[in-house]
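Both complexes shown next keep subunit A, but they swap its partner, so subunit B is in the first and subunit C is in the second.
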Partner chain A sequence: MIVSKSIKDSVAVIGMGCTQFGELWDKSATDLMIEAVQETLGVVPALELNDLDAYWLGTMGSNSGLPLAKALKTGYKPITRVENMCATGSEAFRASCYAVAAGACDVAMAIGVEKLKDSGTSGLVIPDPIRDGTFSEMTAPALYSMIVPAYCKKYGVTEQEMKEVLTRIAWKNHQNGSKNPRAQFKNCPDKDMIAGSPTVAGQLGVLDCSGVADGAAAAIVVSADRASDYCEHPLYVKALSIATGSGQGTMSPEYDFTTFPEVVESARRAYSQAGISQPGDEIDFAEVHDCFTPTELVLMEDLGFSERGSGWRDALAGRFDLDGDLPVNPDGGLKSFGHPIGASGLRMLFEVWLQLSNSAGERQISGVSTALTNNLGGQPGECVSFVGIFGSEPG
Partner chain B sequence: MAVEAARRLSPSTNPPETLWLATTMPAYADRTNAVGMHAALRLPDHVFSADVVGAIRSGLGAMRAALSTAGLAVLSDVRTGLPGSADEARGGDAAVAIQFGRGRDVIAEWLYHESLTVDFLDRWRVPGARNSKTWEERFTVQEYLPITKEVVSRVLQRASLDKPDHVAVLSPDPRTTREMRNWFDHECLSEDLTDKIGFTGTAHLGLALGQILQIAKPGQTILLVQASDGADAILLRTTDQIGNPEATKGPWAGRNQINELDYISFLTWRGLLQREPPRRPEPVGPAAPPAVRNREWKMGLVGSQCQACGRTHAPPQRVCTECHIVDNMLPHPLADKIATVATYTVDHLAHSLSPPVIAAMIDFEGGGRIETEITDADPEAISVGDNVEMTFRRRFTADGVHNYFWKARPVRES
Partner chain C sequence: MIVSKSIKDSVAVIGMGCTQFGELWDKSATDLMIEAVQETLGVVPALELNDLDAYWLGTMGSNSGLPLAKALKTGYKPITRVENMCATGSEAFRASCYAVAAGACDVAMAIGVEKLKDSGTSGLVIPDPIRDGTFSEMTAPALYSMIVPAYCKKYGVTEQEMKEVLTRIAWKNHQNGSKNPRAQFKNCPDKDMIAGSPTVAGQLGVLDCSGVADGAAAAIVVSADRASDYCEHPLYVKALSIATGSGQGTMSPEYDFTTFPEVVESARRAYSQAGISQPGDEIDFAEVHDCFTPTELVLMEDLGFSERGSGWRDALAGRFDLDGDLPVNPDGGLKSFGHPIGASGLRMLFEVWLQLSNSAGERQISGVSTALTNNLGGQPGECVSFVGIFGSEPG
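Moving on, here comes the complex of A and B:
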């Protein structure tokens, strides 16, 4: 069964931009979109705003493409606003790629933006639809913290060992983020401080949670055969895959909270599109959805980087460190870079763009040519998962 | 509490002809509170439901109404004295459900009820006020004693009875209660539950009766005396069905679970102490149309079961998760099923009157999984694999709408 046909090496990214992420009290969503678009156009001297044929705007903060059109005065160009929970940015990118691959437009822009910090609330707030009052009021950290006791029980990991693993993941991402001038958090809390941070839910402390941030990121997509006309180091799209769960996990006792079946499925399809059989060996580094530390742990197994039940040992051994065998979240991840919902998927791609064009500065990983992004929305048991694979060379 | 008490009688399998809810503290005015109970108990639509609301005597009102209609009387109350008041110290919360009926299953016959209605101001509360006011006890006792004595002697006379086998006397006024107890022999008097539970408003008469029914032998007489807005004396006689353990289910039957509650939490739950909320948006109240569409689920905790493959779904689904067949489901009630904790967490950020929220994924015996809040539990004492049972609760109140739904709690000994 072909769920999504491969467009491997059909399209490429020729320019990207990403704003500073953080609690940007002095910036509106409009400011953030203008900055991301300006930076992106700045790296593609051959293009002006008017050369962009169509836009996909990923955000949960508006209901249409109008805010982007009004911010940048894009004339009557088509702008489609897309939303797919925390995978929104990747969804905007996916739509742009398909539009170019289909020949519906020559130059497409994917842009993601979120302005979260005007709400005055802690954590992420998703506007409630009108409902019957039976839905859970649990917060995101609580939902993801349910992985912890389930994982411990299944693999015989003690509570203490687990705390050490989760702390190690947060510590690693903070270390990486400290080398990233655009990251929300550039500090390097030590392990004691992370482990001792105030409890939010279950075993998770504040420092196990991603940063709630404002920010925007954008990418320009053209067909692969024209990519080198625009830039020196195009980023070739090898695979795009989205899997949307039917909520089996929150309804079926068979689901055990130690995996995201949606991630496993989206990864399987992406590897098949890109022709990857040994992801742990063939992927040089990955940007994954570390919304909370246990999420990153489980993703290592779901993406096939670690054997089932051994992700925690690999994390402790430093395999996913910046200088490890398979660096994960070299830019600091959601943990340290921050998580403006609509922008995060494109922020992950931005790090791939920088690393594969050898422009990641202090955190540059040497000799990288193939990278993966994984962007997740929802909760354990019912979520949307995106997996993208990118390369520096056309196939 | 009212739903909890009524559920013990399994009214969904053996529905009453009518349902009467008596309380001094209705959740709503201008709306029948028994209607919500009716839905939570999954009673057939044709069962008439009404409230008997406002005063302690309303409890007897509901019993009278249920008596003449083979109905279910549910007496449920929360006492609302202000901090430091005698009502707070002496008050208790309780709910009692009494099924009235005819025929061979009856465990006690209602023989005679003698009543005097007399108007004097001994206890009152203006609607909307938190606390009741009372006149001086010495005045109250002087007014109650003669009329109560009168109804007691009338009812005994009618029955040509010298001495009933069991007697319970009650009044919101402690001095009146004390004086009335002196009229009867110690061995026939049942324990004054005010000392143990507190005076429980409309529920107290039901509690007193329930307590006696637990120990009474066939053919014994029971006298209930209540002094509240007049005087009432009721005489009942047990039948040979009295020993049926299914007929009387109460905390006396070995339910000895005690959860200590600190005073700060008590005040918070009573709405007398406003605590700093989390820095999160206020919960949004339920809307009427979706609540109606999902009524069986929301109020009755009824899921669905696929007729083709047997897969249980909660909330109910139209399309089966397992075999994908469309619209081939039967209702599948879950409220009375035991569930086990699949995984859980303690949410320190979510809104709750009783923070932190213990949230869990629970799996029902016979299938079905839901995400739920665990209540009446110590967060430290929960673990994966624990057994829980469902309880009907108010989750929160928003925009003047109470949001009722189900929560889980650790299985109690019974």
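Moving on, here comes the complex of A and C:
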């Protein structure tokens, strides 16, 4: 399929920054953007602000690039705002990569920001005048909770076993997040506390859900052949793919809540672009969209890390732990960071940037050279899935 | 400056479609998208829907690409939604061009749609949680009306002369629109009716303002070297540029309402990309953002079509008429079409497509080979400007 055409090794990331995530009442979106950009420029001494040729801003909090222009005083540089639900940050990054690969600019910046705590946006389902009304009133936790009974039924997992799996996933991500100074939640709830947390929807407790947060992250993209002029450890882009579901829709009686077809398809294309045939072996670690614990479970199978129906056993066995075979969400994930929509995709990439340049401190995984990010938007039955694959070698 | 790097002659448009614009109470946004896509595919017999590799959707009416996925049943094809205020349609097109030029896909579709009549969006100033509050409560007509006294004062134009100029611009665009079956307003108000139309803001009457409308338009982009395989008259992309103002802001006492610096800068870059030194001579016709009549006046100078302070005389002399030296808005412009935000930039491009393939019927301008579109977003003092330059020759 043509949609797996590749820009493999055309472009690379040469610097990144990421703010503290959390309830940042004393900081505006402008403050957060400036902070992320300053950190990013700080790691690329050869570049100043005015060397950035064009920007892609991922946010749901503006209808244009103007807030970034005003925050940074960018003169009349091109700024384009993109939004694709919770995959918005990754879309800003993808657009930057295409512009550089096209030769339209030399130095592009992708930046994602959201200030959710002030805006009263308490959930992830946003009113949308041109979509049909189905499910508009159902919250994200309720929709994702429907994975649980579907998975149990299909694979003969008991309710008690499933509770242990979901608890294990939340516990693992909080363990990782406790090692991350930028995470919103740095506490380590024990398994009893997670399992006993108040119910939000279906079998999901509050500690199965990611939180609402403020935050920003940014990346500078240049062509791969110039990347080593700017930094010692460029992050080379091996694959970028987006799949948007046209959806049977969540309400369809045929809809199977144990898989996201969009993730399967975007992963298939990304592996094809990157030349990866055994993802479970060839990917060293991954940052995935753990908006709810059952989401992470299903993603392990959709991304090809676990066989169908065995993701739950792999999770329980610790395969995705920081010291496991294939660490997942070493930075603590959405679980520890919360989910400022436009920022999350770039926050995932930031962990890849740190790990592949051997700068992840207490969380550093040894001997890693290939990583994946998977950023999901929407809900089971109608979603958009981004998969990016990154490597420390120019290829 | 690096921001004038060029993808000149890398990509081309091989098919376009555009719906009727207007108060389309009996059509949904979905209907409009399907109609635009069907017309577009209809002019490219070699392609079917499934041959489109990726989509960029320009709209303010959704937070994702899902509505397009559901409308077209696109399977899991990539769909990215972009929004940059009133330049949204042009941004969808720019993103498609970069993706094809990058080699990320072979066949891309840009589509713009808006269904404004149903949504109650009566103006163009949209609430924006992360921008500062300045001018949020001032309507677009009020902001643009401030051009009139500033221009009169700077260039010693009398109020009566200015009234004639603005009336002439509205009259010219309505004359052109009356020859366009897809326009919202096909009537030809005479000059007395325009000049006497009820005041909206400052010296602007209702017939100085573009209307609110529903509509959609779409374009298929491929690499330039394959374009002639698909169609007889491809439209070659010579330049694409965006400038986002970081703005003194409209309220600044220094702000000069007789120019949009964003337009000047985006035009400068576009001319540099396309290798154009005498725009007034080398551009055969233009589609520009005539949201209000004084906007078109200022754009003539900012785009280099008229000397500073003489745009008003050129307009009065008929230089921009359909049979003038440099026809502007031959399709009738925003004035005749109204302004369904996401669709307008692609509607402008549609006229370029028709004219350069000698298919503009009663409006056909003879001997044209190079055209410009200028799509503006925002307001004087803080805006985004897109300039595209297109040619009938592969270069």
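Operating definition for what follows: the second predicted complex is superposed on the first by the 374 of 395 C-alpha atoms of A that agree within 3 Å, B and C clash if a C-alpha of one lies under 4 Å from a C-alpha of the other, contacts with A are read in each partner's own complex, and residues count from 1 in each chain.
Basically, contacts are C-beta pairs under 8 Å (C-beta built on N, C-alpha and C of every residue); 3 or more make two chains touch, one makes a residue touch a chain.
Not measured: the values here are computed from a predicted model.
**Q** Considering only the touch criterion stated at the top, classify A:Pro141 as touching first (subunit B), second (subunit C), both, or neither.
**A** Touch partner of A:Pro141: subunit B, not subunit C.
**Q** On the A-aligned overlay, A:Asn358 touches which partner chain: subunit B = first, subunit C = second, or both, or neither?
**A** A:Asn358 sits against neither subunit B nor subunit C.
**Q** Tell me the contact category for A:Ser246 with respect to subunit B and subunit C: first, second, both or neither.
**A** Both subunit B and subunit C are touched by A:Ser246.
**Q** Tell me which partner A:Phe257 touches in the superposition: subunit B (first), subunit C (second), both or neither.
**A** first
**Q** Scan A:Ala95 for contacts with subunit B and subunit C and give back first, second, both or neither.
**A** In the superposition, A:Ala95 contacts subunit C only.
**Q** Could you let me know whether more residues of subunit A are touched by subunit B or by subunit C?
**A** Comparing subunit B with subunit C, the partner touching more subunit A residues is C.
**Q** If you stack the two complexes on chain A, which partner ends up touching A:Gln38: first (subunit B), second (subunit C), both, or neither?
**A** A:Gln38 contacts neither subunit B nor subunit C.
**Q** Touching subunit B and also subunit C: which subunit A residues?
**A** On subunit A, the overlap between the subunit B and subunit C contacts is residues 119, 128, 130-132, 246-247.
**Q** Where on subunit B is subunit A touching in the complex?
**A** Touch residues, subunit B against subunit A: 278-281, 283-287, 290-291, 293-294, 297-298, 313-315, 317, 321, 342-351, 357, 359-361, 363, 367-373, 383-384, 395-396, 403-405.
**Q** Could you list, by residue number, the parts of subunit C that touch subunit A in their complex?
**A** 2-3, 5-7, 10, 28-30, 53-54, 59-70, 72-85, 91, 94-95, 97-107, 113, 115, 118-119, 126, 128-132, 240-247, 261-262, 265-266, 377-378, 382-384
**Q** Using the touch definition from the top, list the residues of subunit A that touch subunit B in their complex.
**A** 119-123, 125, 128, 130-134, 136-139, 141-143, 145-150, 153, 199-202, 246-248, 250-253, 255-257, 381
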